[in-house]
Every structure is written in structure tokens, then in C-alpha cells.
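Both of the next two complexes hold subunit A, though its partner changes from subunit B to subunit C.
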Partner chain A sequence: MSGPSKTLSYECPKCKTVNVPKGKALTVALTCKSCGVYFCPHSNINDKFSEKRDPAIPIGSRGTFEGKTYEVLGYVLKLEKKHRYKWSEYFLFSPYHGIAFLSEYGGNWNFLTPYANHLWLSDRKALQDPYAMGQAFKLYAKYNAAVLYAQGEFFNDTIAVTEDSKHWEHIAPPYILTFEQSNTVTGSFLGKYISPKDVASAFKMPAGKLPKKDGMGYTEPILGNFTPVALVAVSIVALMAAFVINIVFNNMTTEESVYQNTYTQLELKDSVKMISTPSFELQKTTAVSVQVTAPLDNDWFYAEYSLINEVTGEEQEFSGEISYYRGTDSDGSWSEGSKTTDMFLSSVPAGKYHLDIYPEFSGKNNYFHIAVYRNAAFSGNIWLLAIGLCVFPAIYFTYRHYKEVARWEDSDYSPYETDDD
Partner chain B sequence: MQRKLKESVLVLCTNCNAKVFGTIDIPAESHGVPDDYSVVQIGSTGKYRDKKFEIVGRIRMQMKDDFRSFWCATYDDDKNPTLWICQSLESIAFAADTFKPFPPKSDIDLNAGGKVVFGDKIKLYVNFVSAPLSIHYEGEIARFPRPDGRFVFVHAMNNSNSALVICVNNDLNDTEMLWAHTRELADVQFENTRKFNEWPQ
Partner chain C sequence: MSWDNFKGLRWYMVTVLMALSFFAYSQSIGWLWVGSTKTKPPADQVGGARGTHGGYRYLHHK
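Let's turn to the complex of A and B:
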């Protein structure tokens, strides 16, 4: 319910083409649709560019971020003056959601919106480590910039604002807080890392049309962003839980013997050197334990085994050696090894089986006892899990340190020592 | 057309932008506001500090690099019946108050990042300073320091989200200010807003 509005149009100062700005009265600077010259109707500024680059996301494209649809109104290619790196910024607008920016460097993207609720300044300098959103942000970059190329429309004189301002970037991955200050304005934006895949999805365009990702983005989250305390705590709790579960399951399962017998070396025939057990039945898929015992005394026993399903012919092969030695020395008597061993087969399907045994005797001992059990409880996995849970945090923090060093590689404010230091 | 603001100084017709009432004179080119995709419009309603308000008018200042809108709203408050809403694309600030003279023994550094100091204690930082290139009006307007736009607009903040909008004249003794409270744009809800069919929400 407002009075009649005025339609704006701006004549290009160079080619005189009349441009009707998409952003209406919000548009303060634009490039001519015919000749590409950059001009500001309110201040008679115009500029040409030394470089031309077509934006990967065309002007006029619409993309949806967190359910909010924006249109790309402008594109700027910027240059950091000290280290001479270039990055792209896409200026986005929605009447309902305001302005936003997509910045892209090395194929890594951040989506930024205005952040008015944070006071940055202390004696005309940006705070070193500002606190926002419940966390401290670390200074990543402080720079002056130049605009190499612009296309489309802007709601400020993007060249002047970029080139007359000092810029600060603070990060708390995946978040970024930017701050810029000129003589007339200070501005702050809060952003978040967005993957190339999500950018492509937002604009419904093939990911291949976007710049190829080159290295780690400086706000890119690290897989599984655990704190050291949390990870150690979770590992300890998981380990305790695993032990408890293992104890409970061991108590719940009752091993049942399905076959046992004693064999002597005499039962080996010259040609085959193999013993076949009679058939035995496993009525359901189960863990199977094969226990072998031999009356060893400073001796060893070795055998290879093949558990054969008599219906399907499938074989599971395994082997095991037992040895037992004893003696006396200056420290007294000693012994090592064992006269028995357990071999564990997990998830053996139901069926009719027999074992083929290929034993090797040392010559001293000449018999062994074998017993096959179903519903076997095996504690070996719990120890593997325990080792894994202890090793994982160490591997994870090494990986994370490496990634953090990579994140800060291009920063003058890296908390990590570099080769240049 | 019935006036809604107690301290109304200008009323422009909401259909044709003709002057209906006014104790101030503004040039013809200032009648009516250029379309700037504002979803807030005359007749929009909302709540500030649990009290209802209704937008009745707008002052739009076009700066070289930006703009500011001062929305005038009737406010459900006996003490401060006028609510000023200072809006840009990056921030919004509410002031249930009237413009008051800039106090003596105070100072302003007219640079972004500079201080606004009241005595020894109150200190704010300037985050925007610019002179309007043009000024436009629509609807009903409450008393405003310099309707001709011949001032420097200053927006300053402190870390408790208090904001100060100041219309600075050449002489600080002829400068007026408005205390406001800054809020995140996303936290502010208006009703009876303008819809744009060509834009999906």
C-alpha cells in the first residue's frame, strides 16, 4: 500500500545503452549489458577491467540454500595484494532473505550472510580472536584486495569498497567471520563452508561446471570433528561396553561338543598322511572351536585342518601349532608354550561336516586329541577391538593435525610451525 | 486521510504521493520512494518488545554506496507512541523514542571505526557514516531532524547491541540522535508484507 513507484534505468556512460537494474533502487553499481563497462550511476564512476573471467555460476542463476532461494546478481574476481592469490565472489539477493555471498577459492566454497550482531572494533582494529556463536574465531588472514573483474549488479560500489577497505578473516571451521573496514563503513559477514557438490545441487547444475577442488578449504570441516577429551572418553566407554557385552555373551552361550577323538601316528597311511573324522552335524549357523591337545614335553605338534561341508563341498582351511618346552637354568626352572590350542571359526553355516587333518609329528610324541565345539565363545575379537580403540585416537589425532597444518598452510597467522619459520 | 502519529510533520497520499498534510516542505522529487524490493511496506505490522506496531511511513536515504530506510510506525506505547525502524540490507535497529539533541561534552569521530563518546563512560563505535545523495518520503512521517537531507548520517554500535543513529550537522550543537536497539535481520518478523511473484520465497 505505497504510492506509485519509479522505474529506474541507467544509461551506460560509454556506449549509452540503457540498463534497467534487476535490483531496482538497491543497485548502486552495475556493468553495462552491452559493453561490460562498470559504472556507478550515483557517483559517475566507471571502470574497465584488465582481466575477464566468466563466472562458473552465470548471472541470473537461482540457487537455494537452507530453503532460501537467492539469485546471482553479480560476480567479482578479486586479488589479494600481498600474496597475489585470486578468488571469486558471487553476490546473491532475495527480497525475502536479503543479501548473501558465495566465495570460491581453489574449488572450495563459503556461503556468507550479513552479521550485524557482533562488535569487532577495539580502538579501530579488529579483535584478534573474536568470540561469536559460542566459540572463538582465529585470525586467518588480514589483507588488502583489488578487483580484477566484475560482472552484473551490486548494491554497493564493489570496487571502491573492496579496494578502500582493510579485510580480516577469522575462522572456526566450518564457520568464517569476515570483517572489512573503510573510512565510511565497517561490515561483517558470517559464513559456513559448503561443499562443491552442495553448491552444484543448490543451483541444479552439474558439479563438473564448477572449478575443480584443489586441496583443503580453509574452513572445510575435518571428518569426525572430535575433541581430544571427547574421543578418549568415547573410546574408554566403548571399550568398557565391549568388555561387558563380551562377558554377557560368554556367559549366555554354552559350548557343546559335536565331536572328539584321539588319533595316533599309526593311523596315518603312507600314501595319504591324512586323517578324516566321521561326519558331525551343525544344526544352525554357529561359531566353531577346534581344540587340539597333545602330550608334549620339549616337543611340538603341527597340523593343517580342512572343515568340509559334505553337501556343498565348501572348505574352510586353518592350521595350528602347539609346542611345550621346559628346563632349568641359573634362575631355576622354566617352561614356555602350551600343550593345547584353540582354533576359532566364526559363522559356520548349518550342515553336515567332517574334518580332514594333516598332522606333522616330531617323532617323540605320536598322538593327539581333537575336540570340536559349537556355540564357541571367542574373546580374541575383544582384544582386537581394544587395540583398535586405543590406536584409533592416536591415528585420528595424527590425521587431524596433518589436516589442520594443511588448513593453515596459506595463512600468515598459522599456529603451526612451518618450514619458513 | 487520518493522521496516526502524534508528532506527524508530513503526510503523503499512499496512492499518488501528493502532500496531504505537512508542516515541512520537501521538493517534488522527494515525493515517493523508488522501488527497492522492500518487503516491508506501509501497513506492515509486527511486534517489538511484545508491543504491536504498524508501519505508516518511510524516509529513504540514498547514499553513494548504500541506503538507509527510516520506517515510521505507530507503536502501542503511551510513553513513546512513535517507533522508528532504521533498516539496511545488513542490519535493522528499533527506537521507541524521538530524536533528541546530541548532548554537550560529547564527541563523534566521523570515520568508520571511530568513537562516539558521551562524557567518560559511554562509548560506541561508528560502523557507517555517509551523507545522503537524495532523500525520499512516503506515507506519514514523524518529526525528523533535517528533512532536506543536508546532514551526515552516522550509525554507531556498542557490544550490547545498543545503536545510535545520528544526523550530524556542521555544528554538533545542531545535531540530533536516536537511541536504538540492533537486532539480527533474521530475528525480525513482519506481517502484511509485500510479495514478489517473480521471486520464490
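Let's turn to the complex of A and C:
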């Protein structure tokens, strides 16, 4: 310890520049502000880096995360020794909230704080798939690392701790749980994915100054800020609500015959070949069912219909054909078609109506029966709604599957089969 | 399960509520989304000759 005043300061072992640590007595290692050499004042360890990289977030910047303001004290560029990929770590400190880390790989960020409740601390051994914070974490990476470059100050000898430790990373996107263990140090951190935009916002800096996002982050949420279980829960509740609404309306309204009669060919008027029914009343806007039955046997019956509102004069024209054929062949007896048909009219307004019927007889059959029902029962809507409610979950889970496969592509512990398997 | 797990589903839940409301409204007025018989207004109500139906001229109103 040296310096012109009582302020804690450390002299660079190489260039003799006096460095005043912001972390005061907590600072264990630092880099010289003048020559950049890394040194630990109490152990005389020092190192020079072969690689230099300026941190995207300058040392001394202040950023606010979850309402807590931290200052960037240190920056470390690390290398995973097996697969040789590099990532950045920013060491953050707040006198009120303690330490935290921002890690960045491929333009994707995680904000991590110390986590003391890990389940494996008792035997100092990392679990394969720990359960923490109500989340089931999966092992994503287990590795040894080296420090390629450091800048700023640290509360431990970050080079020694990094290189002497085994590292475990577990994920439950957007969360990450890390565990590192050496002969002298055991530590755990719980983190959460943070978007580049939010990082830039936290430091009040342009997002363009941060590394460009390259691909999906391994803790990046796939779509929106929700869990798959939440989506399933909402979908099940929605489906149940739909069926309850359907049951309620089915019980509130019963199908009711408003008119029925049997007509013969003899009743056709010569001039227009038309039959007109007596008036019937629809008391409210409703679905109307027109059921036509004819005693067909290898025969057909066709008719055009016109439903006429006697007050407004509005008409709805529709038509329907029924046919029924049967016979025998080498496979036995067969039949096709039907002797009856139902025609559904959607949302017919309340009012006084009658039907004009323009039948066409084949010549064999000469009569038909017609019945008109209001509050006609129909089930198409509920099934269409049920399918509609399943569309988004189906798309989401398909998309999620492909993204999950992509997320785990870089992991040695992927739960998905890969081409390498 | 906390509200945080559902936050991202706000708009989906709003959409679902709108779909359920529309479904209830459709059920109340017998609006068939599918399966209804194809209908058309007669020619005289879409600018055609009044009082015709197909090839017939009927002028039949009660």
C-alpha cells in the first residue's frame, strides 16, 4: 500500500503508477490504469495479456438493473478451453447491493447475482439437473476456462479463480444458474437473460455500441415473457370456458318446431308450380333448421325454397336435394344417400315468415314432409372455436421445439438428438 | 405459478376473451360460422327483375 494520502492505493509493479481502487479494501486484483498490467497487490502476482479487447461498456459506467444501480468495476474476456469459444464478463459493484455480473456471448446477455441457496453446497458437488427458484434447471455446459484479457478491478484474483475452477452452467430459460468450484473457492450465481436493448437502456447508452446479436442466446426466451405451462393453463381454461358457454346456451334454448306438414305433387299450382306454407313466427333472432323428408327408394327429390319475411319482404333463397339408392352386388346389399336432409339458416331475424317451396319430383315419388325448427341446435361453432383456441399453442410448441433444438446445438448435454449422435 | 409467468400472454388472453365473447354472441343469435345452407337474396332484391324466382315469375306475397 502506498500513495500520497490516506486514500487506499496500489502501485503498479511494472510502471509504478499509483492506482486508487474504487472497491477500496475489497479490491484484490486490478489492472494498471497506465500500462494495463494485471496484478494482485497482496500476493505480488501479475500478468500481461496477449490479447486486448476494449469492453463495450466502459469501466466506471453505471447501470441500473431491477431498480439497483451498479458500477462496472471490471471486465474479463474468457475462453472456454475445450470448444475454444470466448465470452465477456463485466464485474459490477454497488456499495448497497453488493456484486453482480453481466455476461455477454454473441451479443446475448445475462445478468447474474450471487445465489446462496443452491442445493449442492452441502457436499460441494454440482447436481446434474438442480431445481431452484421453482424452476427445473438443465445442465448446459461444464467446462474449464482461461482469462484472455482483464481490465479494471476485481474482488478476487479472477485469473486464478477462473483457471483453477471447474464451471457448471444450468439453464431454465430465461434463467441461468452457474456454479464454480476450485480447491479454495465455491460460488454460485443466478442470472436471467437480458436483451441488448435493456442492457443499453440500463447504461443509458446507444444499443449500437454493444456487440451485434448473433443468433439465439442460450437463455433467451423463445417467444414472449411466459412459460409453456402458463400457455397450457390458459388454453385449458379457455377450452373449458368455451364448452361451458356452449352447454349454457344449449340448455337455455331448446329446438322447437314452428311448422310442419306433408305436401303432395297434387298441391302444386299449375301456373307457378309452387307451394306456400302458412305463416309462422320466429320470436327472436335464431338459427332455423328446415328438415325435408321424402319416401325415396332409388329416387331423388329436389326443391328450391324461399323464406320470406312478411313484414319486410326480405327473402332468403336456398335449395336442397335428397337422394336414396340401394341394391345388391357381389359384395352384398348396399345403399347410399338419405331420405332426409337438414338445411340450416344462420341468424334469421325475428319476425313473421312463410316458406315458398318449388319442388321437383322425379315421377316415382309424389310427396314430401317438411318441418321448420327455430333455435336449431348446431355444433359447428364450438368445434371451430376449439380448433381456433388450439392454433396458437400448436404453432408455439412447434416453433418452440425447433428453437429449443437450436438452443442446445452448442451444448454437450443436449436432450435432443443431433446429427452428431 | 406467479403472474410473471403469464405476463407475456396478456394479448393472447385478451384475444381468447374476445373469441369467447364472440362465440357467446354467436350462440345467442344462432350465427352459424360453418355448416349453414348457402342462401342468396332473390334477383329482385339485388337489382334484378322484381317478382321473379329462377325462371318463374310469381309475384307471390301474402
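Things worth noting here:
The rule is short, and it goes like this: the second predicted complex is superposed on the first by the 241 of 421 C-alpha atoms of A that agree within 3 Å, B and C clash if a C-alpha of one lies under 4 Å from a C-alpha of the other, contacts with A are read in each partner's own complex, and residues count from 1 in each chain.
Keep in mind that, in the parts below, contacts are C-beta pairs under 8 Å (C-beta built on N, C-alpha and C of every residue); 3 or more make two chains touch, one makes a residue touch a chain.
Just so we're clear, the structure is a prediction, and the values are computed from it rather than from any experiment.
Once the two complexes are laid over each other on the shared chain, residue contacts for A:116 go to subunit B alone; subunit C is not touched. Note on subunit A: of its two partners subunit C and subunit B, the one contacting more of its residues is C.
Looking at the shared chain after the overlay, A:182 reaches subunit B, while subunit C stays out of its contact range. Of the two partner chains placed around the shared chain by superposition, neither subunit B nor subunit C is touched by A:205.
Contacts of A:375 after superposition: subunit C is touched, whereas subunit B is not reached. In the superposition on chain A, contact of A:148 is made with neither subunit B nor subunit C. After overlaying the two complexes on the shared chain, residue contacts for A:276 are found with subunit C alone; subunit B is out of touch. Once chain A of one complex is fitted onto chain A of the other, the partner contacts of A:406 are absent, as it touches neither subunit B nor subunit C.
The touching residues of subunit B, counted against subunit A in their complex, run 12-17, 31-39, 41-43, 58, 60, 62, 64-67, 89-92, 111-114, 125-130, 133, 138-139, 157-159, 161, 182-185, 194, 196, 199-201.
Only residues 1-8, 23-26, 28, 40, 42-43, 62, 69, 71, 93-96, 98-99, 114, 116-117, 119, 121, 124, 155-157, 160-161, 181-187 of subunit A touch subunit B when the two sit together in their complex. Subunit C meets subunit A in the complex at residues 1, 4-9, 12-13, 16, 19-20, 23-24, 26-42, 45, 53-54, 56-58, 60-62. Across the interface of their complex, subunit C is touched by residues 221, 223-227, 229-231, 233-234, 238, 241-242, 245-246, 249, 272-274, 276, 279, 284-288, 290, 304, 306, 308, 310, 313-318, 320, 343-348, 354, 356, 358, 375-376, 378, 380-382, 384-385, 388-389, 392 of subunit A.
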